[in-house]
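Each of the next two complexes has subunit A plus one more chain, namely subunit B in the first and subunit C in the second.
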Partner chain A sequence: MEILLRPVSTLAPSLISDLISDLDAISPWSFTLGPPIQNLNHAYLPDRGQFDADGILVHLLNEINDQGKVIGLIDVDLCTPVLSFVFGRAQLGGRVAVVSTFRLDNRFYRLKPDPGLLIERLKKEIIHEAGHLGGLYHCRNRWCVMNASASIVNIDLKGFKFCPACLNYLKERGNNGP
Partner chain B sequence: MSCPFLEEVVVRYCNAYPVKKLIPASDYERTGICHGNFQECPIYKEWQSAIGEREDKMEEKLCIWAKLGVVSYRVCTQNYNCASCEFDQMMRSGRYGESALILQAMEKLKSLPADQRVCRYMLSGDISYKICSNNYECWHCEVDQMIQDRMEYHPAYRRRKRLYQQIKGIRLAPARAYTANHLWILKTGKDKVRVGIDDLAQSLLGSIRNFEFQNRRLMIETEKGKVMIPTNISGDRIEVNQVTKDQPEKINRDPYWNWLAEIRNPRYEVNLIEWEKAEEWLKKELEALEEFSRDEIGVAVSDGGKFSKSLLAQLDRQSWHRMVVRFLKGGEDN
Partner chain C sequence: MDRRSKILVADDEEIMRRSLTDWLEEEGYSVHAVPNGQSAIEALAREDWDAFLLDLKMPDLDGIEVLKITKKKNPQLPVIIITAYATVESAVEAMKEGAYDYIVKPFNPEEVSLILHRIVEHQRLIKENISLRKRLAREIFFEDIITKDKRMKKVIEMVKTVAKTNSTVLIYGESGTGKELIARAIHNTSPRKDHPFVAISCGALPETLLEAELFGYEKGAFTGATTQTKGKLELAHHGTLFLDDIADISPKTQVDLLRVLQEREFRRLGGTKTIRIDVRFVAATNRDLEAEVKKGRFREDLYYRLKVITIKLPPLRERKDDIPHLVDHFIEKFNTEMGKRILRVSAETMQILLSHNWPGNVRELENVIEHAMVVCDQEIIEPKHLPEDLTKKAPPLKTLKEVEREHIESVLKACHWKISPAARILGLNRTTLYNKIKAYGLKPM
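Take a look at the complex of A and B:
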């Protein structure tokens, strides 16, 4: 399965290139860099001062033109009507997902910036959302990358890898590689 | 066989002294652990006076009803927190509440000299001086409200909060069984249970203004309107919690502490979700709520986040009603 990463233009290109090579090595999918996301204004919720994750998914869905899957990488605060914030959101077994670096960055928690840790968290979240695109739901295994993260601590605790049960599911669905 | 050179002796030491010097029992009479009469020991004296003070305080903690002379003797075990005292509620409600004895006691209370009508927070030592001017009907009292609000930040209260499990910001209380329409049931005696609504239900309902049990249904009046929720529980007698009834906003603050009613000999017409399975069930309900709120992109799942308090503000009356029907299995009461 090939996944197109579409970052917003404000994200550093060096961060994206490092990310793609790392993701190819640690995940069962191949990632390529797609065109940047141009405008997120339509998804802005002035009442909450956040961006509607579903609005961004709809935007990505409208711009998709082949059979591939797309993950948008953005740097603004995401939310849904029900949840106060989200790190990422994806169509279950669908074609589009979005991940935000906003709450993955140490600076959000008023801690010293740590670019290495940010990339690590971002990789976990991208693989997590890619898992959802592959049809996987949240996993109860706390070390599995598909474990749901209620806070940044949960992201730091879980690993990059899928647990055997999740990996088996992906293999059965034919999502284990190109 | 033990070693022939092994010698067993009983030794004693002073537990109050910082150095634990072991003295053989045979030498005890000769040396004396305290080198004299232990009753003269300053540590012993201090300990004895502390015990004495504690016992004196225990004697003072007579129940308000005992102080009034309604019951001959009863010691308060709730630190004068009458709002959570079953005995106090029993006395104020039902067949006791209107009895001549209680009315007589209330009259007696009103006629007491001011200096004897001390506030329950003064009795418990939380405030230095306050005379009750509300006949111990704390639900009318501004001071009670102020102290209860402050308790939100009190370490003891916060400890109670930590007992709850949090799933995406929604609290789940232990030791309770739940129904599919978000009521909780806690067994409090051999034949009685307490019933309340869970945290998701109070979050979806918004500010609660009133509630009433009507023929196996629970009517809840909120800022968005009235809803009827089937309880599917019947029993010999349903006693409404008068404290929660008088201050329904407390349900929004802590729906597990502020129960709605007590039911004797309950009979359930639905399967209950036991505590062990409640976490999984609530997770699925929250996921269903996410899916319910948006259907234009199909099933979507998120990572992270807590239940948003602004959800209700975003919903119009019709959407809110659809949500109540789906999750609380309730209908609008016109």
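Take a look at the complex of A and C:
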């Protein structure tokens, strides 16, 4: 399965190219770079000072054309109507997802910036959202990439890998790549 | 996995229902959402649920009314109140009516998933009839040793197999790494489990006192020996004797102990009768015993007697992945002991815990969490709750590059980002300075 990554233009291109080659190597999918996301204004929620993750998904869905799936990469603070923040969001078993670097960046926690760590976290969250696109729920296994990442510590703890149960589910659904 | 837990949601706003359902399904729950109080009551009558998320503000039936009806019909069902900031008082009201908890819109995902997780876990325990009592029992088994670390797991696997034998075990590990815990687990897994586990700290006592403690004494054996007293060796008969800080015992006690290990018999201080004992020995030290032997401070023959089976416990700083698990474990432990309801540590706090060096290992971590829980008056432990020496720690050691970057930045700032004077101060030419500014991504702020 092909997944198109669509970054906002404010994310460094070097970060994105490193990301794509790594993702290809460590995930069951093949990732390619798509056109940048032009504008997020439509999803801005002035009263919360955040961006509506579902609004961004709708936007990505409107612009999708071929058979593949799309994951948007953005750098602003994401939320949903019920949640005060999310690291990312996906249509369960659907075609579009979004991940933000905003809360993956050490600077958000007033810690020293760590670009390497940021990429690690980003990779995990992209694979995690791709797992949702593949139909996976959250997994109780703390080391599985599908473990609910409600805090940055959980993200740092878990790995890039799917646990055997999750991997099996993906395989049964023909999600194990080309 | 077990059956997916079923959650009923009642909220009049369509967008909230949809968003909440999406998220809870992602979390692995099976969700049914209804728009008003009447349909909630019908759903409650029709099916069994594991949790009920109830919005207080609904058009037909008031949320408090729905809560009262629910609690009457199904007192066991945990009801979580959904509220907006403006109406937190009514949520507190609802708690008095028996609501399990309340959550304020928009929810912190971590908090809500923890609340739900706790509910589900609690119901699982009820179903499986595992009493809290049993889980908190004093006895330590290998299952009670919290670790995800490969080396620790290997150690535990190894010790499990030898626990059943009578072999002497020598445990190496820094202070607070869990040496006594392992010793207890060995005892409780061995055929000796119904007999005493006796521990003695050899480092804490001067020679004569240690000998008195170990071997016991007859009345009048020394000044102050007013009654006949049994020593730890006798008390541990048929059981296990744990000798902590074994490297610290004096040359004389080493000889006496060696004799016990060889002959399995001894005499009380001042006594004439030989006492035979059946004891399994587990010894522990935080020093390199072999080096002590080489330096002539520890008897080689005793060393060989003790080291039949040797295990090494890695210090906590070499298994930092264990920290989050241990933190959870201690929070649960002290919640029960102190009757508190602390959920977890914040991300920032965890970062501090993960970057600390833990010279006192797990015991130090346990003390830190205990301290934090005593002073913490909220559900989440923040850095301000930690002991001062943890948050005020020395700055991390920097690489040359980091120092160079910071130095260049400070000189640039001092020169108001004028390149020529900054280059002069730094002893660089302008091009080199430009290149460094670019390489380090420095920008005037």
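One rule holds in what follows: the second predicted complex is superposed on the first by the 178 of 178 C-alpha atoms of A that agree within 3 Å, B and C clash if a C-alpha of one lies under 4 Å from a C-alpha of the other, contacts with A are read in each partner's own complex, and residues count from 1 in each chain.
Here is the rule we use: contacts are C-beta pairs under 8 Å (C-beta built on N, C-alpha and C of every residue); 3 or more make two chains touch, one makes a residue touch a chain.
Since we're looking at a predicted model, the values are computed, not measured.
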Note to self: Under the stated touch criterion, which partner chain does A:Gly88 make contact with: subunit B (first), subunit C (second), both, or neither?
What the structure shows: first
Checklist line | Contacts of A:Tyr137 with subunit B and subunit C, given as first, second, both or neither | finding: both
Notebook entry, point to check: Which holds for A:Thr80: it touches subunit B only (first), subunit C only (second), both, or neither?
Noted result: both
Item checked: Contacts of A:Leu157 with subunit B and subunit C, given as first, second, both or neither -> second
Check: With the two structures laid over each other on chain A, which partner does A:Tyr109 touch: subunit B (first), subunit C (second), both, or neither?
Finding: second
Next item on the list: Considering only the touch criterion stated at the top, classify A:Glu125 as touching first (subunit B), second (subunit C), both, or neither.
Entry: first
Margin query: If we overlay the two complexes on their shared chain A, which of subunit B and subunit C does A:Val58 touch? Say first, second, both or neither.
Written below: first
Check: According to the contact criterion defined above, which of subunit B and subunit C contacts more residues of subunit A?
Finding: B
Check: If you stack the two complexes on chain A, which partner ends up touching A:Lys171: first (subunit B), second (subunit C), both, or neither?
Finding: neither
Next item on the list: Return first, second, both or neither, reflecting whether A:Ala148 touches subunit B, subunit C, both chains, or no partner chain.
Entry: both
Next item on the list: Could you give the residue numbers on subunit A that contact subunit B in one complex and subunit C in the other?
Entry: 48, 54, 79-86, 92, 132, 137-138, 148, 150-151
Notebook entry, point to check: Can you name the residues of subunit A that touch subunit B in the complex?
Noted result: 47-48, 53-54, 57-58, 61, 79-94, 103, 125, 128-129, 132, 137-138, 148-151, 155
Next item on the list: Please give the residue numbers of subunit A that touch subunit C in the complex, ascending.
Entry: 48, 54, 79-86, 92, 109-111, 132, 137-140, 148, 150-153, 157, 165
Next item on the list: Enumerate the contact residues on subunit C facing subunit A in the complex.
Entry: 1, 15-16, 19-20, 22-23, 25-28, 105-110, 113-114, 321, 324, 347-348, 350-351
Checklist line | Residues of subunit B touching subunit A in the complex | finding: 166, 168-169, 286, 289-290, 293-294, 296-311, 313-314
